[in-house]
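Look for chain A in each of the two complexes below; its partner is chain B in the first and chain C in the second.
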Partner chain A sequence: MSNPEKKITRFQLFIMTLQSQIGIGVISLPYYLFNAAGNDAWISVIVAGIFVQINIVLIWLLYRRFPNQSIFEVLEITVGKYAAYCLKTAYSMYFFTIATLIVLLFVRLVNIWILPRTPMWLVTLIMIAVCVYGVIDHLRVMARFFFLASMMLFVLLFLIVTVAKDINFLAVLPIGNSGIPAILGGAHHAVISFLGYEVLLVILSKSLGGHAGKIKAALLANGIVTLFYTLLTFVSLAYLGPAVMRFVPEPVLYIMKYRTFHIIERTDLLFFSIWIVCVGTSFMTFLYLTANALTSLLPQIRRPTFVYVIASLLFMLSFFFPTDENKVALFNKIATYLSYLFTIVLPGILLFIAMARGKSGDDPV
Partner chain B sequence: MSGAVRLLRFPMMLAASALGFVGIVFGLMVLFLHLCKLESFGTAYFAPVAPFRWQDLKDSVVRMPIWKLNKRPLDAHPVKERQQSLSRTWKKRE
Partner chain C sequence: MKMVKTSMTALVSMTLLAGCWDQHNLKDVKLAMATGFDLAPEGNIIQTITIPIFTPGAGGMEVQGSQVVVTEGDTPRDARNIINHKVAEQLDASKLLVLLFGEEYAKQDIYTGLDIFYRDPKSSLLANVAIVHGKANEILSLKPEDRKTTSEYLNDLITSEQDTTVLPKQSRPLISDILDPGSDFVLPLIEPQKKEAKIIGLAMFNEHKYTGQFIPVLNATLYLLMADQLAKRAWIKLKVREGSDVDIRNFLMINVLKSKRDLAINADNIHDISVDLSLHMKIEIMEYHENDLVSEKIQALTQTISDKLTQQANAILQMTQQANSDCLGIGSYIRAYHHATWDKTSWEDAYPDINFKANVTVEISKHGVFN
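Our next item is the complex of A and B:
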């Protein structure tokens, strides 16, 4: 790269992790979890959160060995030029897949809930255009915007907490009823909502501060996300009850629909609109990561060029978005397994190779 | 700024009439992204808020008491972080 990127502060690292993680999962997470784990869905969220915490520690261990390199440079040092080339391509494909998944789920939900007669490609185009505008500049701009967007989380939290007085605790009551295998299965379904902490693979080396401070910021961000999702799942489970939960794919929106304030009639639309910002931030993160991976692959081309290329590719893909429930579920499943491969297995292997070959950040590429 | 707000109102209205609440949100996202991008002399436009710094908020929305203002905000890249000695207190013996 011609001009080195400016670094972000530790607080911005925290905000970026938080905003990347909270996003697409907010609306449908309780439904998917309920189908997998019954009325112990909220325990699954906590299990998934702890699992992600461990994963973050793994990523941090890799980072601590290579403090000045992002994952793509680490690849070059540890496995050599040619294998790194393949793996970088794989990483960019993976990030692109998740970005596509985010847009797909978002557009599908907009289509179902707010704008049923607007063509899907139009909403996709607007979403992509807005996010591209954020990503083409340097990382700090994104971090600033993410902080402003995180203010919106308080509104979401407020809306969720206001329904808390109507919940029925009996609905969750036989705790542990569905058994440990079902809870673990639920955690497997929850992982897709936690995606976004992959951003740590890249931005840990692009932020200021000591190693310990960074891991604290990342773990705190994921902890807050876990708490937020747990609250969300718990409230929707206890509010709707197991008999209804089976039939509502968007439980949070249904709750909001019947919760009215004096001056707000359709609270669900308010909730949805604020949620759009959260999805936008997650999408921006993955756009950034994809462009970053491609830049490390072809250093002679500048990152904004790649952002435009990726965005137009995604837009073209949007004409082939499946609307079928089963295909979307399949896509979800593939993305979950890919995320296991790229956020746990590969960093783990890299760390192992680095330790076995005695490589660290000081070694030349 | 009132001129800018007056002109920005029209694209916002278009977005709102075309896409409803979704349009408003996207319009505001573009607006805030643009404001986040602005930098004058190396200082972000949203300075104490968007690159968030709790200590620098002391002078932005609500003005804190004068003994709270001994340190200069970092967004202006001050040469010395501490201000000159205050004129409004008793002169202390050195």
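Our next item is the complex of A and C:
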């Protein structure tokens, strides 16, 4: 690499994983899960969380074989130049798809909840512009910003806990009533909210510390995300009750509407504003990943250039964002399946090939 | 040069951040603070809205009474639209304090009046909802003497009675109770009088509809204790003796300090569901005209109070069963703990026939500073 990046610390690795994961899913997760798994939606979150933990271990195993290479370099070593070229293109498109999905869901929610008359492209522009600024510099700068943003999680947590005192436990009983297929189906819907840990494919090799420390940081981050999401789902479900959950696509914001403090009447807006930062960090991650994938394709072009190109492309796409619920749901579905392919299947195959052909990070490209 | 560049960027950003499309200026709206729905004889609705009138005063804007607008429409949204044709600015219900339903309207379906509030992200969901014994219009046209606006008066009336365990506090959204097949709910029932409004009880609902029957205000506190909703204080008046020469001496006033409710539900058989509600309370004597409360007498009194309260509690249960309003949410317990039975029953048909008993025990722990 012509421009070797400064490495991030282990704590920053933890924060980056955490902030990449918590994002767009926060608001709507309980709704989608409830539709799939009913009262047991919160169990689905735990199942999905465990599933992601396993996935993280898989990514880590691949990394341990190639401690100094990101996924893109691993591709070159294991499958050869031409196949790697195709796969890198595929990866960059995948990351771009998720980035688009994040912006799309975000803009749609802003449009429904707070700024119904502001044109969507403008909201997109504001979001993208801020995030581009965060991504053009090196990784460590991004990690520092993520750390600052992670402070906001405490506020979100506090707001959710204030609701928790009024919940009705009867709403979630009897536990396990939906049956295992429904719970697994719910877990499938939950995966999209956990997305963001793909960042490990790239940043594990760009961080300091030993192998064991890194996996601990990554697993801890995902563990916290799982707990956070479980709490969120549980509280929404037990507060609103199963009869209402069906009708409220953004349950987390909805319950915030019922909370008022002496100086804050619209708590949902406060929650929303803080949540925007979390969406921003997730989006930055995927912007970074897309740019990174493209840089590995065309090493002669610098990463910031790609960031600008991707951002402009996304902005132009925002004029064609669908507002129709079915199309958004379809997009969601495609993204979920793509994520299975790119975060489990492909790394799994790569690991298998590497083991079968005895390749490791010391081998020449 | 760098300075110029930075300030240019800042200026451009400022125009982007202002959000001019979505500004809501107070000067462009009329704030509806209280609104009421009544059913017109032909089936369409009559909506009454009170809007506080602001006038510039010594310390900024002051409220000078309220403007009452009445209109007819096919739906609540339609009625609000028509009101917009009448009032000077656009109507905004995001600060709504009180929402009233006329008796006839509530008997038909209360959800139709709430839909617009649940659908609009801007609207306030915290409005106190109450049912009017008569017409909502009559209450909103009252001119209270101690408050500048009717909405403020009604809001304070309801919230103050919530603290004294007379009216239920809605800690979770009302819509959860409306839509939940496992529980019904009660709402305050208000009656218009000459100059003020008076709370006369708790209107019992069955799903979306007001049953027409209510728990009288005398029993409201005990009902709320049975629903496990003790607020800051709970005073109950009891008639503990008959035929004293001075009528006043027949009565006793207690305050409930602590209350613990237990439900024992037996629902293994669909046709034989029995529920035992036991309520244990620590009470304080607030007013009693027999002046020697020594220990033997206290024991006897404890027994009398327990018996009287048990009697009242059972009467309340009977009222709810007669009205077929499961306002204590027994259904949700059955759904949670006896799911097999729940799946096989139609709870709405089963509730009036369940074997529902209450038992109240009290413990006198204080009687003021006077024996």
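The rule we apply is simple: the second predicted complex is superposed on the first by the 364 of 365 C-alpha atoms of A that agree within 3 Å, B and C clash if a C-alpha of one lies under 4 Å from a C-alpha of the other, contacts with A are read in each partner's own complex, and residues count from 1 in each chain.
Just so we're on the same page, a residue touches a chain if its C-beta (ideal position, glycine included) is under 8 Å from a C-beta of that chain, and two chains touch if they have at least 3 such contacts.
What you see is a predicted model; the values in this text were computed from it and never measured.
Within the superposed three-chain model, A:273 lies in touch with chain B and out of touch with chain C [touch as defined at top].
In the superposed model, A:216 lies in contact with neither chain B nor chain C. Contacts of A:140 after superposition: chain B is touched, whereas chain C is not reached.
Contact with neither chain B nor chain C is seen for A:302 once the two complexes are overlaid on the shared chain.
Once the two complexes are overlaid on the shared chain, A:359 sits clear of chain B and of chain C alike. Once the two complexes are overlaid on the shared chain, A:10 sits clear of chain B and of chain C alike.
Legend: residue contacts after superposition of the two complexes on their common chain; A:148 is shown touching chain B, with no touch to chain C. Once chain A of one complex is fitted onto chain A of the other, the partner contacts of A:240 are limited to chain C, with no touch recorded for chain B. Touch criterion not met for A:64: it reaches neither chain B nor chain C. Common to the chain B-facing and chain C-facing surfaces of chain A are residues 114-115, 118, 126. Listing the residues of chain A that touch chain C in their complex gives 112-119, 122, 125-126, 166-168, 170-171, 173-174, 177, 239-244, 247, 257-258, 260, 268.
Within the complex, the chain A residues that touch chain B are 9, 11-12, 15, 110, 114-115, 118, 123, 126-127, 130, 133-134, 137, 140-141, 143-145, 147-148, 269-270, 272-274, 276-277, 280.
Chain B contributes residues 19-22, 24-26, 29-30, 32-34, 36-37, 44, 46, 49-52 to its touches with chain A in the complex.
Contact residues of chain C toward chain A in the complex are 16-17, 19, 21-22, 121, 125-126, 171-173, 175-176, 179-182, 329, 332-333, 335-337, 339.
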